[in-house]
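Every chain is named by a letter (A, B and C) in the order it is written, and numbering of its residues begins at 1.
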Amino acid sequence: MKRYMVMAAGGMSAALVLAACSGGGDGADADTGEVSSLSVLDYYNNDPDNSLIQAGLDSCAEELGITLERETVPGGDLIQTVLQQASSQTLPDVLMLDNPEVQLIAETGALLPLDEHGVSTEGFAQGVIDASTYDGHVYGLQPVANTLALFYNTDILAEAGVEPPTTWDELREAAATLTEGDQYGISFSAINTYEGTWQFLPPMWTNGGDETDLTSPEVAEALQLWVDLVESGSASESVINWSQGDAKDQFMAGRAAMMVNGPWNIPAMNEIPDVNWDVVQFPVNDASQTPVAPFGGEAWTVPVTGDEASQAVAVDFVECLNTPEQQLDWAVSRYTIPTRTDLTEDFLAERPEMAAFAEQVANARSRTAQLGPEWPDAATVIYEAIQLALTGQTSADEAFAQASAR
Amino acid sequence: MTTTTSAPAELNRRTGDDIDLRKVLLTAAGVLILAVMLFPVYWMVNASLQPSGNTLNADLIPLQPSFDNYVRAISEQGANLVTSLIIALGTVVFSLALAAPASFALAQFRFRWVGVALLAILVSQMIPGIVIANALYSAYEGMGLLNSIPGLILANSTSAIPFAILIMRSFMLGVPSAIIEAARVDGAGLVRSFLWIVVPVSRNAIITAGLFTFLFAWSDFLFALTLTTTDEIRPVTLGIYQYLGTQVQNWGAVMATAVLSATPAIVLLVAAQKYIAAGATGGAVK
Amino acid sequence: MSSLTHAPARAGQASPAPPRRRRKLRGDDIAKILFVLPAGIAMALLFGYPVVKNLTMSLQDYSLQTFFTGEAPWVGLANYVDVVTDPIFGQAMLNTGLFTAGSILFQFVIGLALALFFKQHFPLSATLRGLLLLPWLLPLIVSSATWRAILEQDSGILNRFLGVFGVEPIGWLVSPSIALIAVIGVNIWIGIPFNTTLLYSGLQAIPDELYEAGSLDGATHWKAFRYITWPSLRPVVSVVLILGVVYTLKVLDIILGLTGGGPANATQTLATQSYQRSFVDFEFGHGAALSNILIVISMAFAVVYLRRGRHAADE
C-alpha cells in the first residue's frame, strides 16, 4: 500500500503501478515487456555534449526496447532538482551524478546498490569505482572520465625556446620566461568554489598531500606553487576569480602560454584553429614523484523509486551505457577517457592527442575515496585557504590552519 | 475623461520660442546619460559579435563582426521568445487584475487592518525566491501545473502582485477622495467609480506597475527552471542557460540570445513609457 | 500619505469640498471586501506555505537526508546560534549593511536626479526613458558576466580606459579591499532604472496646477522642489525606498555572478551565506535561519515605513 502511495504521488502511469504491485523485477534479468519507458535526469544541457549523450542514451533505449523521457538541467542546479524530486517522490528512473556527489546521495539511501543487482565492476579503473562506492556497495557506474593536465601553446613555447615543464621548478621558470606584455605564463582557476579546489588537487596530490591532513607541509608546499606563480606575476592575480572556462578563454586569446585544464575544452578549442596547442601531464615537485590528478566525470545511478520492474530495467540501462562499445563511442566523441582500462589502447588509436590525459587518468584519484560524504567540508577548506594565500592575507604555510579554523 | 486633455496645453504654454536650443541640449545630455548607462549593454553586443564570445581581444568597435552567434540564436530560440512574451504579458494582465482593486481598497478604504495587510505584503517581498519556488514545485506536482504556461504565469505573479499593490497603492493615496465621493454622490457604485474614475486617473501607476511586472516575469529564471521539467515550455531565459553547460560555456550564443530577446521587449517598454502622462490627477479634479 | 491631507484642500480649489462623511452604506462593506479578496486569497495561498516552511526549517536539523526520508529533528534555536557565532557572520552583516546603504543611497539620488531630468520634456525623452529599462531585460547572469569582463583587471575595458589617464590597473573584483565597492557599483547600475522609472511616474502625478500656483508665490527651482515636489512625492519615495531596501538586502545573483562572495569572503553577505549554507553545504536549517534573520532585518525597515505612513495620515 505504501508503495502504491509513492507511485500515485509520482504521477506515473497506471501500468507501472500494476507492475510494481505485481512485484516483478528479479534483478538484471527483469522482463522489460512491462516497462515501456524510463525517465532520465542529467546535466549535459548544452551541445555538443547534449546530443552526443542523447545518441548514446537512444541506442541503449533501442536495445532494451523502451522509450526515454529525458530531462536536462544546468549543472549547478542538478542537486537542487534532485532534492525537489526526492521530496515529492518523483526521482527519475536513471539519474546522472557528478562522481564526487554519488556518495553524498547514496548516504541518504536514495540510490540502489548496483552490485546487489548483478552489476559487475570488473575491468573498471579503481578510482572510478572508489568514487561510486559507499559503505561497501557500488551505487553508480561511470562510463568515461576526465582529468586535469597542462596545456601549452606550441607556437609560443617554440618561439621562446621553452620546453614543456616536467617539474615545478621548470614550471615556475617557464611561466616566468613566457610572461611578457599582455601574455601571462600560465592560467588556472583558483576560484572560491569546488572548481578552485579541483584545480589545486594535481599539485597537492602529486606532492603527497592528502585531504585527511590539510595542514601538512606537502599541502602547504603545493599552495606555495600557486602563490609563487601569482606573486611573481607569471599568472594573473585574477585567477582567484577565474573559472576553468575563463582560464581557457585567456589561453585561447593568447593571454596565457600554458593552462591547467581538462579535455572537455577540446571541441571548443578546435573551433579556433589558429591556436596550436599540446598537452603534457601535470609537472612533479621532484623527479621521484608521479603526477596524480583527480578523476572527473559523471556516474549513472538508479534511484530507489519503489517500482522494482522499472528499477530492474534501469539497472540494465546503466549497464548498457557502460559496455565497451558505448564507452569507446562516448570517449572518442566527447574527448574523455574510457573507464574500462583495457580500452585505452583502442581509444588512443582513434584519439592520439589524448595521450597525456590517458596517462594522467591511469594514476588519477577519486576525490571522495578517503572522506566519502565528508569530502565537501575538506573541499571548502581547500578553496578558502587558496583564497587567503593568493590575496596575501596569510602565508601559504598558515592558510590551511586558518581556513580549517572556520 | 476630459481629464487629461489639459496636460498638453500646459506643456505648450511652458515652452517658449527660444527654448529650441535648450531642448536640443537636453536631448544631447539625455543621449549622453543613456550612452554611459547602456555602455555595458553595448559591451555585451560587442561580445556577441566576437567569434569567441568574449571581449578579451576585442576592439572598442567590432571591426570584423561575426554573426554566427546570431544565426544560432535565431534558429534555436525563436519559439522560446514567443513563450516568454506570452508568459510575461499573461503575468501583467493577471497581476494587475488582482492588484489594482486591492491597492485601491488599501489606499482609499479606511480598513482597520490596512497596516497589517501592508506588513504582510512587504514580508512577502522578503522571502527568497528559491523558497517559494520549492514550495510551488510540491504544490504544482499535485495540481498538474508543472510544464504549463498558466503555472508559470501564476508563479511569476507571486512576486508581481505584492509589488504591484505596493506601487499602485502609494500612487492611489494621491487620488483625492473628493473625486470618488463626487462620483458616488452622482450615484455611481463602487465598482463603477473604480473603473471609470480611479483607473483612468491612476494610469501612470498602473502602467508603471505593469512595466515592472513585465520585467520581473520576462527575466525570471528561477521559476522557469524549477517548474518545468521538459522542454515543451521553455522561456528564453532558460533557453539561454542551455548554452551555459556545466563544463563548457558558449558565451557568444548567450550574449547573442540576450541581445536578440531584449529587442522585442524593449520596443514594448518604450511604447508603454510614452503613455505615462503628466499631471493626470490634477486635471481630473477640475 | 501627506497627500491624503492635501486632497481636500486641493479639491477645494476647484469645487467646494463635500464634507467627509462617515461611511454608512452597509452593502458597501461587502463590495469593499471583494476588492481585496482575490489578491488576499492569492497571497495567502502562494506565500503562507513558504513562510511557515522557512520558519519551521530554521528550527530543524534539515539536511540532505531530510529530502529523502522526510525526517528533520527539531533542534530549537541551535541553527540560529550556529550561524550567528560563525566567524564570518560579523563580516557578512557588515557587508550586507554597506552593500544595502551604498546601493540605496546612490540608486535613489541618481534615480531622482534622472527622473527630474526626464521630467523636462524634450525630443526623444520618452524613448530614452524607455531605453533606460534595457538592463532589466537582460538576465542577471548575462549582465554580471558582461560586468566581469568590463572589470577584469588585465583586459577589462574599464582599466584600459583608466590607463589612458595613467591609472594603474585596479583589481576591481580580485582585491579584497575593492571588490565590495565594485559589486555595489554594479548593483547601483542595476537599480537606477527602477528608481528613475518609479520616481518619474510619481513626478508625473503631481498636478501642474501646484507648480503654477507655486510660481505665483515665487517658488521656482529649488524652492519648488523643496515645497511642492518633495512633499507630493513622499508616498512614492517611501515605497521606492522600502522596496529598495527589501530587494537589496536579498540580492544574490549579482554577487554570485561577479565574485561568488570572494575574494577571500570580501563580498559575502547574509544572502550569499544563506545560499552557500543551503545549496553548497546542504545545511538547509542554517540557510533558513540566515534568511529568517534577513527577513527580520527587512521587517524592521518595513515597520518604520508603516509607522511613518500612519503618522503622516494622522497629521
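Assume contacts are C-beta pairs under 8 Å (C-beta built on N, C-alpha and C of every residue); 3 or more make two chains touch, one makes a residue touch a chain.
Since we're looking at a predicted model, the values are computed, not measured.
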**Asked** Greatest Cα-centroid separation from chain C: which chain?
**Response** A
**Fill in**
By C-beta contact count, B-C versus A-C, the higher one is B-C
**Prompt:** Roughly how far is chain A from chain C, going centre to centre by Cα mean, in whole Å?
**Reply:** 39
**Item:** Cα-centroid distance, chain B relative to chain C, in whole angstrom
**Value:** 15
**Message:** Can you list every residue of chain B that touches 2 or more other chains, as numbers and ranges?
**Reply:** 54, 56-57, 134, 241, 244
**Complete:** Multi-chain touching residues of chain A, meaning two or more other chains, are 84, 87, 253, 255
**Prompt:** Which chain C residues sit where two or more other chains touch them?
**Reply:** 155, 279
**Complete:** Within the complex, chain B is touched by chain A residues 9, 11, 43-46, 49-50, 69, 71, 73-77, 81, 84, 87-88, 90, 98, 244-245, 249-250, 252-255, 262, 264-265, 267-268, 272
**Request:** Note which residues of chain B are touching chain A in the complex, please.
**Result:** 51-52, 54, 56-57, 134, 137-138, 141-142, 144, 225-226, 229-230, 241-250
**Item:** Partner chain C, residues of chain A touching it in the complex
**Value:** 79-80, 83-84, 86-87, 104-105, 107-110, 182, 184, 191-193, 236-238, 240-241, 253, 255, 376, 380, 384, 387-388, 390-391, 393, 405-406
**Asked** Which of the residues in chain C end up touching chain A in this complex?
**Response** 64-70, 86-88, 148, 152-155, 171, 173-176, 259-265, 279-282
**chain C contact footprint on chain B (complex, rising order)** = 7, 10-11, 23-24, 26-27, 29-31, 33-34, 37-38, 40-41, 43-44, 47, 54-57, 60, 97-99, 101-102, 104-106, 109-111, 115, 117-128, 130-132, 134-136, 139, 154, 157-158, 161-163, 165-167, 169-171, 173-179, 181-182, 185, 189-191, 194, 204-205, 207-208, 211-212, 215, 218-219, 221, 237, 240-241, 244, 251, 254-255, 258, 261-262, 265-266, 269-274, 276-283, 285-286
